[in-house]
Amino acid sequence: MNYLCLDLFLTDIILLGTMKKLVQDFEVLQRKELNDDHFVLDVKALEPLPEIRPGQFVNVLVKDSNTTFLRRPLSIHFVDYERNTISLYIKKIGDGTKKLGELKEGDSLNIVYPLGNQYSIPNNANTLLVGGGCGVAPLLYLAKHLKEAGNNVTTLLGVRSEKDAVELDAYKEYGNILVTTEDGSFGEKGYPTQHSILEKEKFDYVFTCGPEPMMKAVAAYSAQNNIPCEVSLENTMACGFGACLCCVTETTEGNKCTCTEGPVFNINDLKW
Amino acid sequence: MNYLCLDLFLTDIILLGTMKKLVQDFEVLQRKELNDDHFVLDVKALEPLPEIRPGQFVNVLVKDSNTTFLRRPLSIHFVDYERNTISLYIKKIGDGTKKLGELKEGDSLNIVYPLGNQYSIPNNANTLLVGGGCGVAPLLYLAKHLKEAGNNVTTLLGVRSEKDAVELDAYKEYGNILVTTEDGSFGEKGYPTQHSILEKEKFDYVFTCGPEPMMKAVAAYSAQNNIPCEVSLENTMACGFGACLCCVTETTEGNKCTCTEGPVFNINDLKW
Amino acid sequence: MVNLGVKLKDLSLKNPVMTASGTFGFGEEFEDFIDLSNLGGILVKGTTRHHREGNPYPRMAETPSGMLNAVGLQNKGVENFCKDIYPRIKHYDTNILVNVSGSVIEDYVETAAMINELEHIPAIELNISCPNVKEGGMAFGTSCASAASVVKAVREVYKKHLMVKLSPNVTDITEIAKAVEAEGADSVSLINTLLGMAIDAETRKPLLSTVTGGLSGPAVKPVALRMVWQVFNAVNIPIVGLGGIMNAKDAIEFILAGATAIQIGTANFIDPQVTEKVVVGIEEYMKRHNVQDINDLIGALQIQ
Amino acid sequence: MVNLGVKLKDLSLKNPVMTASGTFGFGEEFEDFIDLSNLGGILVKGTTRHHREGNPYPRMAETPSGMLNAVGLQNKGVENFCKDIYPRIKHYDTNILVNVSGSVIEDYVETAAMINELEHIPAIELNISCPNVKEGGMAFGTSCASAASVVKAVREVYKKHLMVKLSPNVTDITEIAKAVEAEGADSVSLINTLLGMAIDAETRKPLLSTVTGGLSGPAVKPVALRMVWQVFNAVNIPIVGLGGIMNAKDAIEFILAGATAIQIGTANFIDPQVTEKVVVGIEEYMKRHNVQDINDLIGALQIQ
């Protein structure tokens, strides 16, 4: 890797300002409980889905919650064009996500989408995806796209303990899947950045999403090893489509809008 | 009827300040749809029910509604001590009552009760109960009590059309049931105060609950005929138990608290 | 065991949880639901020199996450309070504070003087901020001069703890707070209700007989928190924070913003047991965060 | 066919539904969702004399039935607006109003003067009420003298429709309204956000980088309605009402209280199509109530 290459890579983060945004009712197809507080929601569009890129997110309306006022942003976990569905990978945090966890087959869910930019997709490279917590959400769809572009894909998930190591088979479809657990009950013990694979293998690209401390550790590893690295950031969002300017991320070029100029950022642009 | 008797009757409206009020979770046993917008909700107490008098009401907490903040007051439609249940007769008005109409078996409902005073119960008299709209709610339990005290009970319901003439069999258990419909599709055509029974029969006591214009017409009929008459009033209620003073009814003795000194009032006390 | 006790100057509360005036009757209305002795204090109904019938029906309207009221200080007057009600409630094992309201300064003074004589009432809360009375009331709380004058006059006759309840319907609440502090207020409580209004689009009529009324409940919490924090940075007397507190988390937020004690109002209508639950919740929070003394949380907001 | 058209003095709107500044970007952000030509007008982002980076993260916190923001007028400055943005949006078949903000009077004046030259901008909204900027901003809107002085100065250079946006964070909004009317404001819009605050009890930190921020959404609707009604009874210029409008029913309430037009802000975030829906809903309401002309509803609140 050299800097020239890195620069090219930077421009790969395409601003998708030209993709038409929609507000539509979806139908809940199924809710899969993954463990105590994580679940996957498959929702079916009533019209054919538009093109959706890995790293993009949706903003969902939570009905029937006394305490939820704004929509809730959620990464797009997977898109199945055959079934015309989007999958969301959700962690129950407060009343909004709890109410989403009570949706059942046939319920309707109002969604604004597709929002945000996307992860870059290199070709024929050795790629590493690092996820933690509900930050794993966008990685599955990313893995699929990376594989389709001829990349070698390794997904490394950091979780607390065995019961949180979920959906491993899904990732396996697109490459190698590795796990670290904090309590050592599964995979290697420790945090993802302590996994032995990082010493054994040399990656060309790193993509990460998860708790900020984890992403910062991954960014540090990437910077040290001169590997281009993209992170997906969260922020406080009111609209999700560039209207409110509430979701500012500080970058080397000044304040950027996380919901339209992100959520995916190259670590070189961040003031980390 | 003479005024002496009327005075005695007035004092029958007992203030139930000494009945202990409770706040408890109930379990929904069943929801019976009566027609498009009315339903009956049977809820089971987890502890033995206290004494509940006809005319009293409950204040229920509506969960999972983005727009409902305060509790919703509802008359006690029926009490079944054997099943340990209270029945509520509810009309869907806004989001609060709509959400109650989505409760299903096993759901829990938080209730503050028993609230308010009660209808007077005479003995061995000829009593008329006049209800309209969801104002019929307290009359079924009242009819039961009246019958048990040896009264002759005639219930007269005023509804819009045949499909609104519901639960007639339930009232029949305690006496005679008559109906007026506005469109003449069932019973006599017109308003309850136009029913022929009022000319044919002489009543000793009248009890009414329903839309204010109907109650005022019933009150006028009673006053003209010198029949003691009790009405159950609605009001804007925040607490339901005398703490907020938001539910004032103007009486001949000054402002009274509808939730503790009512909801049942003798028409002679009202400035109608 | 964590310490929940706080002091408003000389006035000791076993915990920071009080009730808000006008939402808790005389305490009696809640005896079926909770044990009053578990509370730091109760504020009884707004009391005036003379009997008041209050405003006509309708007096209440629900609003998004809140409610408007236009009760208008319905009460039987201070003489009735001293004679009939005080004997009934004076045994409560908690601080009983009387909320004193008026239309003219003399009324405030006479009412306060009478309550000064009641052994088991350790403090009054001077309501210079009620939006629901025609003359006086809120007007006193919306200018420094009038706020100062009523506090000064009452201070002369009232010898125990004098809490002054501030109106949020002002450009700068810190000025009013400083003015009443200068006249000898022992503490300030805030906020009273925000002046609001609701309309029924179908009937084209106001939902309150008085057209405008007082807004309370969670809707006002952000404004209340802001004002508590502003006043905390402006005065040296203790602050009692209120406005939209529904649970222990909300109460902690007010304490972090600078409140020594808090009051719970509208929430009592939705859960008549909420006050006891908030006491328990504060204790749980302290244990979870390893805080030994509630006093360590007062104004402990971390601003970087 | 019912008539939905209203006039703000010389400014004709095809219907009373406008968007609130800072919540609608430059309109472009909503082109995927609605047809802008269906609206009475759009208010573009708060524009200042010079580029502003706005406040640091975090800038937003959800509150009960509302939200707090601390954007702090992030914008690229009026020159950028005239050069880059105006050419992109000037073709919109609706009234485009620019919300003009500043820290010192000269900034307001220079910005207004530049926008005066833009053919397709028939009006500006002078924001003397933003709570999220350190100097100036809200301070201008909270005293009659300063409000008057900024309006007076801008009036001298700005020849088209001058709308002045009032702050709700004042003791008496009618005084400010009268002061700006006296200096030649063509209309007033109200309310801007209420100053509020939110705290994370777990981290003991404020939820906004600026500690306090502006409260908007249905939580503030009762306060906004009250102020519109008060100002309607105090001035003769038309009023644009806003604050918590989520649907046509809310819009009708503001019109009944005295607003000639309304603006929709926060609701755009929750339903980006809400503005079009409100236009349709107002029309439905009029048909249901047999009202031929929307102007018959303005201030038509029935007080008995």
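By letter and in written order, the chains are A, B, C and D; residue numbering begins at 1 in each of them.
As a working rule, a contact is a pair of C-beta atoms (placed from the backbone, for glycine too) under 8 Å apart; a residue touches a chain by one contact, two chains touch by 3 or more.
Just so we're on the same page, UniProt names per chain: C, D = Dihydroorotate dehydrogenase.
Because the structure is a prediction, the values reported are computed rather than measured.
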Separation of chain B from chain A in steps, with touching chains one step apart: 1
Rounded Å distance, chain B centre to chain D (Dihydroorotate dehydrogenase) centre (Cα mean): 47
Centre distance in Å when chain B and chain C (Dihydroorotate dehydrogenase) are each reduced to the mean of their C-alpha atoms: 36
Distance from the mean Cα position of chain D (Dihydroorotate dehydrogenase) to that of chain C (Dihydroorotate dehydrogenase), given in whole angstrom: 34
For chain C (Dihydroorotate dehydrogenase), residues contacting two or more additional chains: 63-66, 217
Sites on chain B at which at least two other chains make contact: 68-69
Topology of the chain contact graph, where touching chains are joined (line, ring, star, complete, other): ring
Which pairs of chains touch, using the document's own definition: A-B, A-D, B-C, C-D
Footprint of chain D (Dihydroorotate dehydrogenase) on chain C (Dihydroorotate dehydrogenase) - complex, ascending: 63-66, 68, 142-143, 169-172, 194-199, 201, 203-206, 211-212, 215, 217-223, 225-226, 229, 244, 249, 252-253, 256-257, 285, 300-304
Partner chain B, residues of chain A touching it in the complex: 63-66, 68-69, 99
Partner chain B, residues of chain C (Dihydroorotate dehydrogenase) touching it in the complex: 22-25, 29-30, 32-33, 45, 53-67, 69, 71, 74, 217, 266, 268-273
Chain C (Dihydroorotate dehydrogenase)-touching residues of chain B, taken from the complex the two chains share: 20-23, 61, 67-71, 112, 235-250, 254-255
